[in-house]
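Have a look at this one.
Residue numbering begins at 1 within each chain, and the chains themselves are lettered A, B, C and D in the order written.
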Amino acid sequence: APKKVAYVINGSLGDQSFYDSGYEGIKKLEKDYDVETKLMECNFDPSLYYPNLMTAARWADVVFVISYGFEEELKSIAEMFPNKIFVNIDTVVEDDKKIISNVDFIEEEGSFMAGVVAGIVTTMTELPGINPEKLIGAVGGDDDIVIRSFVYGYDQGAKYVDPEIQVKTIYVGTWDDPVKGKQAALQLYSQGVDVIFQIASLTGAGVIQAAQEVGKYAIGVDSNQNSLAPGHVITSMLKEVGKSIEFVFKQIIDGTYKPGTLYKLGLKEEAVGLAIDEYTYQILPNETVEKILGIQKDVIEGKITVKEYRE
Amino acid sequence: MKSLNKILTGIIGIVFSLLVGALLIKIQGNSPIIAYKALYDYGLGSWFSITSTLNNSTPLILTGIAAAIAFSSNVNNLGQPGQLIIGALSAALLGYYLPFPGWIGITTIIILSGIIGGFYASIAGVFKKLYKMDEMLTTLMLNFIADYLTIYLATYPFLDKKSYVPATKMIKKEFFLPSFKNLNSSFFIAILIALISYFIVKYLKKGYEWRMMGYNPDFSRIGGCDNEQNLMWVMFYTGFLSGLAGALLILGGTQHRFIKGIGANYGWDGIMLSIVGANGIFETSFFSLFFGFLKAGGVGMEFEVSIPSEFIMVLQATIVLLVVSTRSLVSFYGDKMKAYFKTRKVVKAHE
Amino acid sequence: MNNIIISLIRDSFSSATPILLSALGGTFTFYANVFNISMEGMMLIGAFFGVLGSYLFENWVMGLLFALMSGILASLIFSFFALLLKTDEFLTGIGMNMLALGGTTYLLRNLFNVKGAFISPQIKSLPTWNIPGLNKIPILSDILNNHPFIVYVAIILAFLIDFIIFHTKFGLRLRATGEDQETSRSLGINPNRIKFSSILLSGIFSAAAGTFLSLGYVTLFSENMSNGRGWISLAIIVLVRGRPLGILLMSLIFGFFESAAFSLQNINIPSQITAMVPYIVTIIALFIYSVNKEKILKLKKEENEKIKEI
Amino acid sequence: MSYIEMKNIYKVYPPDVIALEEVNFSLQKGEIHSLIGENGAGKSTLMKILYGLVHSSSGQIYINGNEVKINSPSDAINFGIGMVHQEFMLIPSFKVYENVILGMERTKKFGVINKEEAINELEELTKRYGFDLDLNAVTSDLSVAARQKVEILKLLYRKVDILIFDEPTAVLTPQETEQLFTEIKSMKEMGKTIIFISHKLDEVLEISDRITIMRSGRIVSSIENKNLTKSNLAKMMVGKEVILSVTKKPIEPGQIILKTENLTVDFKQSKHKFLQDINIYVRAGEIVGLAGIEGNGQLELVEAIIGDTQTLKGKIYIDKNDISNKSITERRSLISYIPSDRKKFGLALNASLAENLTMTHHLGNNLSKFRYFINWKKAKFFSSNLLKQYNIVARGINDLPKHLSGGNQQKVILAREFSLDAPFLLLDQPTRGLDVGSIEYVHDVILKMRDKGKAILLISADLDELLSLSDRIYVIRNGTIVAELNPNVHNKEEVGEYMLGGKE
């Protein structure tokens, strides 16, 4: 059985979203399976990708890696260590020798649900702060493929509720400037938007504070941010990186793990989804939440198909 | 002799700062001995470590020399970061689209990317020449603009559709600079360029004029040097070096394509190193190697001893500050001591 | 539509304030001829300690106090290296910025056990002010009222500092030292003391700017939240040659274009392009300034000659 | 008992420059005490120690018999000691009154400067001492003489009793010097004590009560000003006989080398002109002097000839080449140039002597076989030859100019420029601030160049120098040439009258 597990990430912990969530999963492995774990953060510095991954691969039996931006390095290093286990999370890296397994989250399904919530809320003019305009917003960190796929699902969800709903998006251009995040959100609110989905890591913290300040609504991302501004964060779209790590590691222990597998995880696997808790009920009446959960069930059962961004 | 002196006082500074660093590590609750062993193991301990150190230092040597030449010519070019990524993006695009074979292609890419970096720097030069616009400010602003411009290009027109982050397509395999047992050949190119730069500054009339302009621009102008033209050349050449650093990152690094963040801190580190190296080409190169070592060894400290990366940043800042302050202290108080003893001798002789 | 423009102009003040404050501090070092690039780091330090104080005592006053103390501490470190150990000022600035970024992240993890951002209801934000009488004027009130009080203080300070620099004893000595420190020395002024005061003021002001970020505009601390604002204030100082009122004007212009940049995304200009706008505006401002300066210099010289002739 | 007594003063500048050795200096109340000595003898250093600007390495200072510690200029000012420095200590961008009150500002509440009070007080002072100064003028616009008045005003405002003047007359015209002397004498009458440093022995003899002579860091003697002559002062200073008069060979002029045609310098948008229709010529083998009160267009003429100005009309020829539209670089092969501000334009103080001596020579092809390169072996050989040839006292070609005395710095410039072998020499104040020994040397070299057939334009504020060296003299006033004089016919006073406009 594997004894040493490494967790290599392109960014750094503290995003209060998927890197952190993954690290929680890793910490749980330590407890549950009595393995030694180590963390390597690359702090978005591409010159560290290769040496960090290399260092981790030489030491560990199992490497969990979030490889945004160094998929090629991952491939070449994995080929140097064909007997070790490489699990790549959140992107898909295919190598010819089928050494690397991938965990792919279907974020579109999660953000579809966020869009459904936003769409429903913007039409509920009886709620405080909601105007009759059918306008919702999103604040993205960078304008890149991942964020655009979030927006893509979000838009589908809103349009599913009411095809007339429009989505306004601002890409702030940085992941760690909550001040700019708040500015962007205030602008969207001043344009008649009443719900904003933040997809911007630390920048997004400013979006939530903006919602609180002007009495409008926000939707959190990646981890449960509902408690950050009670009464203003309706829900959060979760991405359970930690759980997926546990899930794969269990298979490794069981012996059911096969290298080169593609785990596609969506609503059904509870890898993505909405955080619905007392804060949600504080804002939305029960029947509205029921309606939302109903739509979620339809998606899980395949009655509604959510299109993926890259196909 | 003078540069040896600078390096020697630098080494005193390094030793002193490592001692202070040990204290910091101790306070943070780790064993300095184990931490420094990891630093050594990952930075110098094996062939792999040594080559990592050298690979790390490759772009730093170039941006460091760029800053050193600019500053010693009294040209405040703080635009290395921007010039570097412009060069990197150019290399990535050329590497994908250029139809030339192998070595011809590589040479073309390297030179063209350098030239593009040089032109980017020349924008600030032209502004200065025509409108007397402060080049420190314009280069600073051009850094931000280069940042967003390259990301725009890598996000829209030249995006590799398969990538998850803003990135261009990978360059052709034949343009990859080969590695010899993990040591990338781009290191040798950097060393070669360092030698050429030394030669230019030392033996070329232009280089002499640049230096004199750095010492006293009024003097060089009245002496018959065309300062305005020299400013343009300095801007171009230092931009060329930074652009070259960017190209080597693409051809010789591990990514082989332009990707968001690829410039990292090379530009700023280069500016810092030129100051640490007192604008000397050899001194700056020496400290670039040292910084490459710190970076490679930092990975070890983080991995083996779990010293957090932000702490390593604090350590690096401390080391840089102490290296330079120790050096200025040694020379300042050294001179005072000499004066003191001389006085005693003279006074005694009179009694 | 009206709303959008009001919000835009209102936001210009918020975007301008941190830049304005740290540039006002930096202008002291500018006049003292201290090459100070550490505003960025000092702002970050102020932002962190503001949150720390406010969190520990659940009181914004303590937050502000902590921030100012940390600004003083940071300037002591800067002065220690730059003035006492005679380390290159530029390098000291780079070192300070690295220390600030690494240090606040390190403390964040050690004190609050989080990385990235620290948010808590215990952090109390700075109070907002209303200008009496202004509530009656509809649009102006929307734009100018209800900002964190630091915004108003910063604007008043711009005028005050202009007065201090050009009409007080301290200002006279500051400018003299910056222009020619040997002359200052020859008149019994201690240049190091003047430089130290300027660094101290810069530290305090930058820390206050940081507090505006972390306790004024938003109520949280996040790593690297100064995010280049210190560099912008440096650019503005150089651009207007330190004039406090020029700093006020340029900060507002910069703030306006920073928030206007988001609006450009509405007409489908990619975000990367809109983000360049403030920097391009700065270059254009420098261009206008430089061209005018040349003209003014020429005219002034001629003027003088004419007077001599008469 | 002496008013001030400096005992056993030593000064070693870090790391090991001995500036003063066992110096004992005493000053009596109410006297005008001159301090003379060669460049680098230590005069300024000794006075800076008295003024607290430099700390002695060893030694004591007594005032009225009590030992005092002077740690900073403010201590000195408190003891009533003030100093006008060799290089003016004024903030160029400040108004006159700001420069005067700096360091001793009168303030209202909150440190706000009390401008009215300051101006009132200063107006009274200027009236009392008869200074003609606009207190609100910007200092950088003032003439040199006016700046010096500001410096003196600074001391009077501080009510000091002892005024130290470090080479105040080096930059003044004879008329201005006369006026300064009147002021100094009236200050003496008001009970002030004056220390006066100068290289001009006539002046020293004219004004002093007592003269102290320094040589290489020591005091050679300190004597009352009775029955002294220039030549025995010079001998004490230098330690050997100095020839104070110039002996010239008869002139043998060749063809015209420098020629200007209607040279005019003005500004684009203004009708005013700095130079108006200057028509002068200089022939090979002659020295042509340019006399004029500073600020009458000499600077503009020099800039126009060397090419450091942009708006220029008319024509300049050198050796029949029209250089009016040529760059400085192109002109430098035809012009050797000694700038008046040697630290600003003549040297790179922190670059090695070899690098300093290579300047301008590098434009030609003597220092390398290849067009774009410098052969440093050759350049260094060339530099060390120059050091020897011009007797420059330095530690070698790697020494830095900032370590050299003023005289030796000037020799470096002369060596470089005169070895250029250009047909035309432009000499702007070549002996300003130099001691008699150095001046003798410089004059000697200039005459040698004349005899070698060079065309020389000499600008000098020192009319004695101008009259003794020149073969012809142009007088410039208000940007035009007002007279062409013959030094063998016209004397100093006549030239002075043309300069002032008394004679047309």
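Following the convention adopted for this analysis, a residue touches a chain if its C-beta (ideal position, glycine included) is under 8 Å from a C-beta of that chain, and two chains touch if they have at least 3 such contacts.
This one's a predicted model, so the numbers in the text were calculated from it and none came from an experiment.
> Which chains are shared contacts of subunit A and subunit B?
Of all the chains present, those in contact with both subunit A and subunit B are C.
> Could you work out which chain's C-alpha centre is the most distant one from the centre of subunit A?
If we average the C-alpha coordinates per chain, D ends up farthest from subunit A.
> Quick one: report the Å distance separating subunit C from subunit D, using the average Cα coordinate of each chain.
Comparing mean C-alpha positions, subunit D is 45 Å from subunit C.
> Averaging over Cα atoms per chain, report the distance between subunit B and subunit C in Å.
So the centroids are 29 Å from each other.
> Centre to centre, by mean C-alpha position, how many angstrom separate subunit A and subunit D?
The computed centroid separation for subunit A versus subunit D comes out at 75 Å.
> Do you know which subunit A residues sit against two or more other chains?
12, 142-143, 173
> Counting only residues that touch at least two other chains, what does the list for subunit D look like?
none
> Listing for subunit B: what residues touch at least two other chains?
Residues 148, 151, 155 of subunit B each touch two or more of the other chains.
> For this entry, which pairs of chains touch?
All touching pairs, sorted by chain label, are A-B, A-C, B-C, B-D, C-D.
> What does subunit C use to touch subunit D in their complex?
Residues 167-170, 172-173, 175-176, 179-180, 182-190, 298-299, 301-302, 304-306, 309.
> Which part of subunit A faces subunit C closely enough to touch in the complex?
Against subunit C, the touching part of subunit A is residues 12-16, 20, 142-143, 168-174, 176-180, 182-184, 186-187, 189-192, 201-202, 205-206, 209, 228.
> So in the complex, which bits of subunit C are touching subunit B?
81, 85-88, 90-92, 94-96, 98-99, 101-103, 105-106, 109, 228, 231, 234-235, 238-239, 270, 272-273, 275-276, 279-280, 282-283, 286-287, 290-291, 293-294
> Once bound in the complex, which stretches of subunit B touch subunit C?
On the subunit B side, the touching residues are 127, 131-134, 136-138, 140-142, 144-145, 148-149, 151-152, 155-156, 268, 271-272, 275-276, 308, 310-314, 316-318, 320-321, 324-325, 328-329, 332.
> So in the complex, the part of subunit B that touches subunit D is made up of which residues?
202-206, 208-209, 211-212, 215-216, 218-226, 334-336, 338-340, 342-343, 346-347, 350
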